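I've put the structures underneath this note.
After this come two complexes, each holding chain A, first together with chain B and then together with chain C.
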Partner chain A sequence: MFTEDELEHLREHLSHYPERRAGAIYCLYAVQDKIGYIDDKGIMMVTELTGLSKTQLEELITFFTLLRRRPVGRNVLRICDSISCHVMGSRQVLEAAEAHTGVALGEISRTGSVTILPSICLGLCNHAPAALLNDEDEVSRLTPESVQKLLDELDQQPFQQSATGSQVIATSGHSMLTEGRDH
Partner chain B sequence: MGTIYIDDKPVEFEAGQNVLQATLKAGIDITYFCYHEALGSAGSCRLCAMELEPTKKDDKSRVVMSCMQVAQDGQRYRLNKGSADKVRQHVVEYYMTRHPHDCPVCDEAGHCHLQDMTILSRQTYRRYDGKKQTFPDQEMGPLIWNTANRCITCYRCARFYQNYALGDDFGVYCSGQKTTFRRSEPGAFDSPFSGNMIDVCPTGTFTDKVFRRKYSRTWQLEKATSVCNHCSTGCNTEPGGREGTLRRIHPMTNPHINPHFICDRGRYGEHYSEASDRPLKCIIRKGAKNPYDNIYTHLTRCLKKASGRIGILSSEHEDLQTHYMLKQLAVHYKGIFSPFILPDTETRTRSAIQATQLPPSLPDIETADAAIILGSLTEAAPMMDLAVRQLIAKQKPIIMVHAVPSLLADLIQHRNAGEVISATPKNWHQVIDHLDTSRLSDEKVKKIVLLGVAGEMDVPAINAFSRLKEKLSQETVTVQSGFALEGANAMGAAVISNENSAHELLEAIQKLYVDTLIVCGADPFGEGAAEWEPLRNKIRQLIVLDNINTETVKQADIVLPLATWSERCGYSVNYEGRVQPFEQAYQRSSVISPTEFVAHLTPHSVEALYRQRDVWLTQLSAQLVISDQMGIQLNLQQLSGIKNTYSSHIETEGLQLVKLPWHGGGVRADFAKELASCNPWKDHYVYLHTDTAKQLNVTTGKQLHFKSGASLEVLCDNRITKDCLAVTPLTLGRIKCKANIVLPLHQIHTGETDQ
Partner chain C sequence: MEKILSRNFSAGPLDFAAYKAADGYKTLESVIGRPRGDLLNELKQSGLKGCGGAGFLTALKWSFKAPDAPHPIYLVVNLDEAEPGSFKDRQVLYRDPHTLIEGTIAASYVLNADKAFIFIRGEYRKGARLLEKAVQEAHNNGLLGQNIMNSGWGLEIDVHLSAGRYICGEETALLNALEGYRANPRSKPPFPVAKGLWGQPTIVNNAETISHVPFILARGAQWFKDQGINGAFGSHIYQVSGAVKSPGFFELPLGTTAREIIFNQAGGMLPGRKLTGFLPGGASTQFMLPEHLDIPLHWDGPPTVGSRLGTGGIIVMDDHICPIDFMSNLMLFFTRESCGYCTPCRDGLPYVKHLLDKFEQGSATEKDIDTLKELCEVIYPNTFCAFAPGALMPITTGVEKFESLLHEHIKNKGCTMKRCA
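Up next, the complex of A and B:
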């Protein structure tokens, strides 16, 4: 999964903490950035790196919504369902999005273009109902119509070989393998 | 230490106690969830809220969680008189919005903490009519049943399993309303203490799957205080029976031994009494019986004829009262009595008892500063292992020597908690003599516990154990040493028997001085086949009392159904020398106790035998052991009878045959089918390290032939120490070999070399 160079970087990173396990999330992000999600093999690898058990890592992953155990589509759209967005109609937006993709929330749409996830408050209450595309771009004042339009656009985006999950939806582990070393 | 006031009632507390502990100790009813005596307070359930009265005039009273509040002299709390009463009621109401109203069909109902707390807070009607969160149940193996919807997220199970028992295959998943407690994958738990989740869980989320199959409401069970007979720790249990059958085992608190928990072997192993092949009828296979005689008239006639030629064999798994009664029978018929099946077991037990000094109780082990463990402790005495786990949790130094895979060794290695040495038992005396104890020579180390597993150690290793104890003992350091012995009452067997009793009995049979053998709760032709099988044709009459269908029962001429420990009363002596009485929990009509057996065959009545026993016990322990006490500890140094002079020749060249134990296994526990189905080892195989396999020129799947004519298939497993052949106890009987013997290489061969 990782090259020797990347593994060396992870080991070096872990050595900065008083306990190796403190760097578990960093390692999990690295796995997620590499292949788009965290698979069983990735968990075994992080187990070896951090000394945490499989259960402890699963506990961690299920606790944090930004870590995922299943593959996602080329794009991830997190639609907020917390109180402000709920009041402003996020439920209808989620239902419309679900109807448009034809699959349940959390599943990859049939075209493979998107995975829609409900999200806790994104801090975008002034733009409610809001969503976050690929953990970077905010989408504001959604309506059932606008979300369908957005999904259509995502569907029509040309399929790029390079635009796999790991590059497009890089999260906080985003550029760790390159920039992380300078810190 | 001081006084606090709960609703104006003075309550005494001790230093360090929190308000909840003091309140509960004073017998005041208060609702609580996350607090548990062994696991401490978490402050998360908000159910033990009390109102703290202000000390200054202008201050306001405030609601506090009593489990997080250290008791301080003079503090005044309002429990039912203040606003906290409403707080607790609302908290319970909130919990019940998550909990199904399924008490009528829930196994926990009747002994359910949530039920009690809900009623105690007077929250009897529901206002919430919304949908409830639901969760899929997880399959958790043959011992525990999961009903995930009943969980109210008190975290007790995870705190017990992860923080106390140091297990890592069960945890908390997700967060908020979706929080759920489960294993990382479906299946049985890895921990030997998983059954405690049933007791720790305050709801019916985890229930006893074995009990479920033959369920009874707990108030309908017949219960009594009993002692676990599956290892030498002697934990107190409370068997519950109904209609003459055992339904469940529940731990009984004994602050000196098991304050809260018991292991899975103790909880589920006792269900051997419900095995479908248990002998429950008197069977006469040989010898004509007058149709008008009852079995005892027949037996009395047989024994009178054979008087002077009778051997009586019991085992270290039977209790002291049984041994005493059988000894009386031996006196009456001029027979020879031995409570040990094999001389080796007797030798090891006597040597181990001699080497025992200031034996540590389980709470002693938990509070030690360092531990040295010799042998696979988890498998020999799981509860001792649980006590050692508390040392691992506190990061105390530990050194462990072992030969076969042990969960404790894996845990120490995984947690980096100490040194684990893998060595063949025949070399242990050298390993112990050269043990590097520098990691224990810290100033803070004031108490070291030394724990040995008698079943795996030979006499030189036990002697080395004594030398190690001398070496570690200093003015500032107390060393407490004890052994996990080979049977629940091995200590009692050594106390009651003459030296070399097993050897004497075997010799008498060999020389034809004895031709009638009475066996009570022992399996000489299965467990002890190595020494007993060649003598089988010298025994003309074999009378067997047992509660499991052993090889000996199958060969017996007369079989009598023996009551289990839950089905009779008696006394047991644990590894510390603590004499503990146990009572009959429920009555099974078809079985007999050893006392009744002896009373039928001698002129003494049961009452007279009990009186004699009391006199003997009083002489032994200087006071009578009565049932409402926590047991009386024998002074081992004063018991002059326990010494070992017998020694057997020990080979050193070759491969050592070792028993492959597991934490749920045992002579009796193997007959409890639910527990036995979790056994990780296969019978009729021999487990080898890859290097040993290379030395023998075999690989996995090949056959290995033994001198006795038996052959076993090889399985390579690198967790087995080199130079060891590891087999399960049942396989050991099948290949007619004793445990721990060293086989010269020419006695083991692969079929191919012959061709």
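Up next, the complex of A and C:
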């Protein structure tokens, strides 16, 4: 799953905390960024890295919303349904999006292009109703029509493998600032 | 009032050279090297309060650190901003990350901290990446690391990306999340300032609070006081969302009235919409009504009508949405985000939501109004942390202020407004 460089980087990152488990989320993110979700093999790998048991890792994954144990579509669209977006019509946006994919929220669309999830407030209240595409790209002022257009575009998009492993993770620690940046 | 935290927003995010050229990091020259007691005193004089919503005096919190506190001492910058309707810390992170670093360095110096963690919610991943780049730049330019500005004092900043969950913003839950545990709150005492991260003295502050610190220390408490109006000190990044013409964020004197913020800064209501109420500072604040628009939004303003400033993220409610549907949506958020650790919160909040939905769907009876009120009273004082009490603030006040609507919903067997489900 990981190259030797990436593994070395993860070990380095874990060792910069007083306890290795503080880096568990970081490692779980690394697995997820690499293959889209956290599979059994990934869990076993993080077990070895952190010294945590499989159960302890499952405990974290089931708690933290952004970590997932199941595969998702090629894109993940989190549509906010908290109050500021709600008053601006996010319910209609979610309904239109769900209808367009032909599957329930949280499942992979029939074309495989997207998984849609309702989300808590994304801090994009001034762009309501808003969404976050693939954890980073902000989608503003959605309407039932514009979300369907966006989903059409995602359907057309060829699959692009995003950057892998440590390169896509934002968290740091001084040890990482000097290490592992140029791999 | 001059723009302080938002001074670089239109140009940002600035890289190190551009930030420095715009007088960035200049405050540190008058902070680092000065006696820490003097600095803490200056901060105390300024009356700076925690901008995350609690409004606790920052200098007082810091003064609880024991004089002989064992090292390492940690500063944790809380950027787990997930309060619905709040997006002020996000602006600093995305538009001017060096301002956050400047604040973190200054605050860490005063606290004699050895390491600062900036804890960022997972949904702000892009911002965390920007911040990490800025941290690296600061490091390369000698502002982080050992012996900063020849003071003999050193600091490392660690950008920590979290993975979701509103409860991580509660300071002790945050510490658990950072340590790699589920983000359940810890019991207090011991407070984090005595035993926090890995049992060491730890000070947790909101990102906006921290960003204010170096400017207060460099320019003086009086200057900071002069930035506020209507009896308040300093500036605040207010936020407005909902059915207004220009929703957004506005750095204004602390103490600005809701009328000025909603109707002038945010352009007023959308055509055809009428203001029916607002939450002054995020989802866990009490309802204020149109007749409260002229109350200054500072720490002591909203309490005069039973509300509180919170984060200053104003959520506008208009006549196109039923207040009960509004409350039900708030409860959807809180039931989903409850960490599940204690029963009144885990089981009580879904019950509150269920009751509110009964009114919307038309199956409620008069008895449900009593049950709703009683339930809020039972949950409020019996939870482990401040999450459920916060969640109930808009509900208890909403039930009180819109009680006639509850009776109407019973009579009409449900909601008669189009926008309700």
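Annotations for the structure displayed:
Simple rule for what comes next: the second predicted complex is superposed on the first by the 157 of 183 C-alpha atoms of A that agree within 3 Å, B and C clash if a C-alpha of one lies under 4 Å from a C-alpha of the other, contacts with A are read in each partner's own complex, and residues count from 1 in each chain.
Here is the rule we go by: a contact is a pair of C-beta atoms (placed from the backbone, for glycine too) under 8 Å apart; a residue touches a chain by one contact, two chains touch by 3 or more.
Note that this is a predicted model, so its numbers are computed, not measured.
Superimposing the complexes on chain A yields a three-chain arrangement in which chain B and chain C clash.
Residue by residue along chain A, chain B and chain C are tallied for touches, and C comes out ahead. Once the two complexes are overlaid on the shared chain, A:L154 sits clear of chain B and of chain C alike.
When the two complexes are overlaid on their common chain A, residue A:C125 makes contact with chain C while staying clear of chain B. After overlaying the two complexes on the shared chain, residue contacts for A:E58 are found with chain B alone; chain C is out of touch. In the superposition on chain A, A:A97 contacts neither chain B nor chain C. In the three-chain model built by superposing on chain A, chain C overlaps with chain B at stretch 41-49, while the rest of 41-49, 185-193 or 617-625 show no clash. Overlap of the chain B and chain C contact sets on chain A: residues 59, 63.
Touching chain C in their complex are the following residues of chain A: 16, 18-19, 21-26, 28-29, 50, 52, 59-60, 63-67, 78, 81-84, 86-88, 91, 119-128, 132, 135-136, 169-174, 177. Residue ranges on chain B touching chain A, taken from their complex, read 168-175, 183-184.
On the chain C side of its complex with chain A, the touching residues are 81-87, 90, 120-126, 128-129, 131-132, 135-136, 139, 144-145, 156-166, 177-183, 198, 239-243, 247-249, 279, 283, 313, 315-318, 320-321, 326, 329-330, 332-333, 336-337, 339, 421. Residues of chain A touching chain B in their complex: 53-56, 58-59, 62-63.
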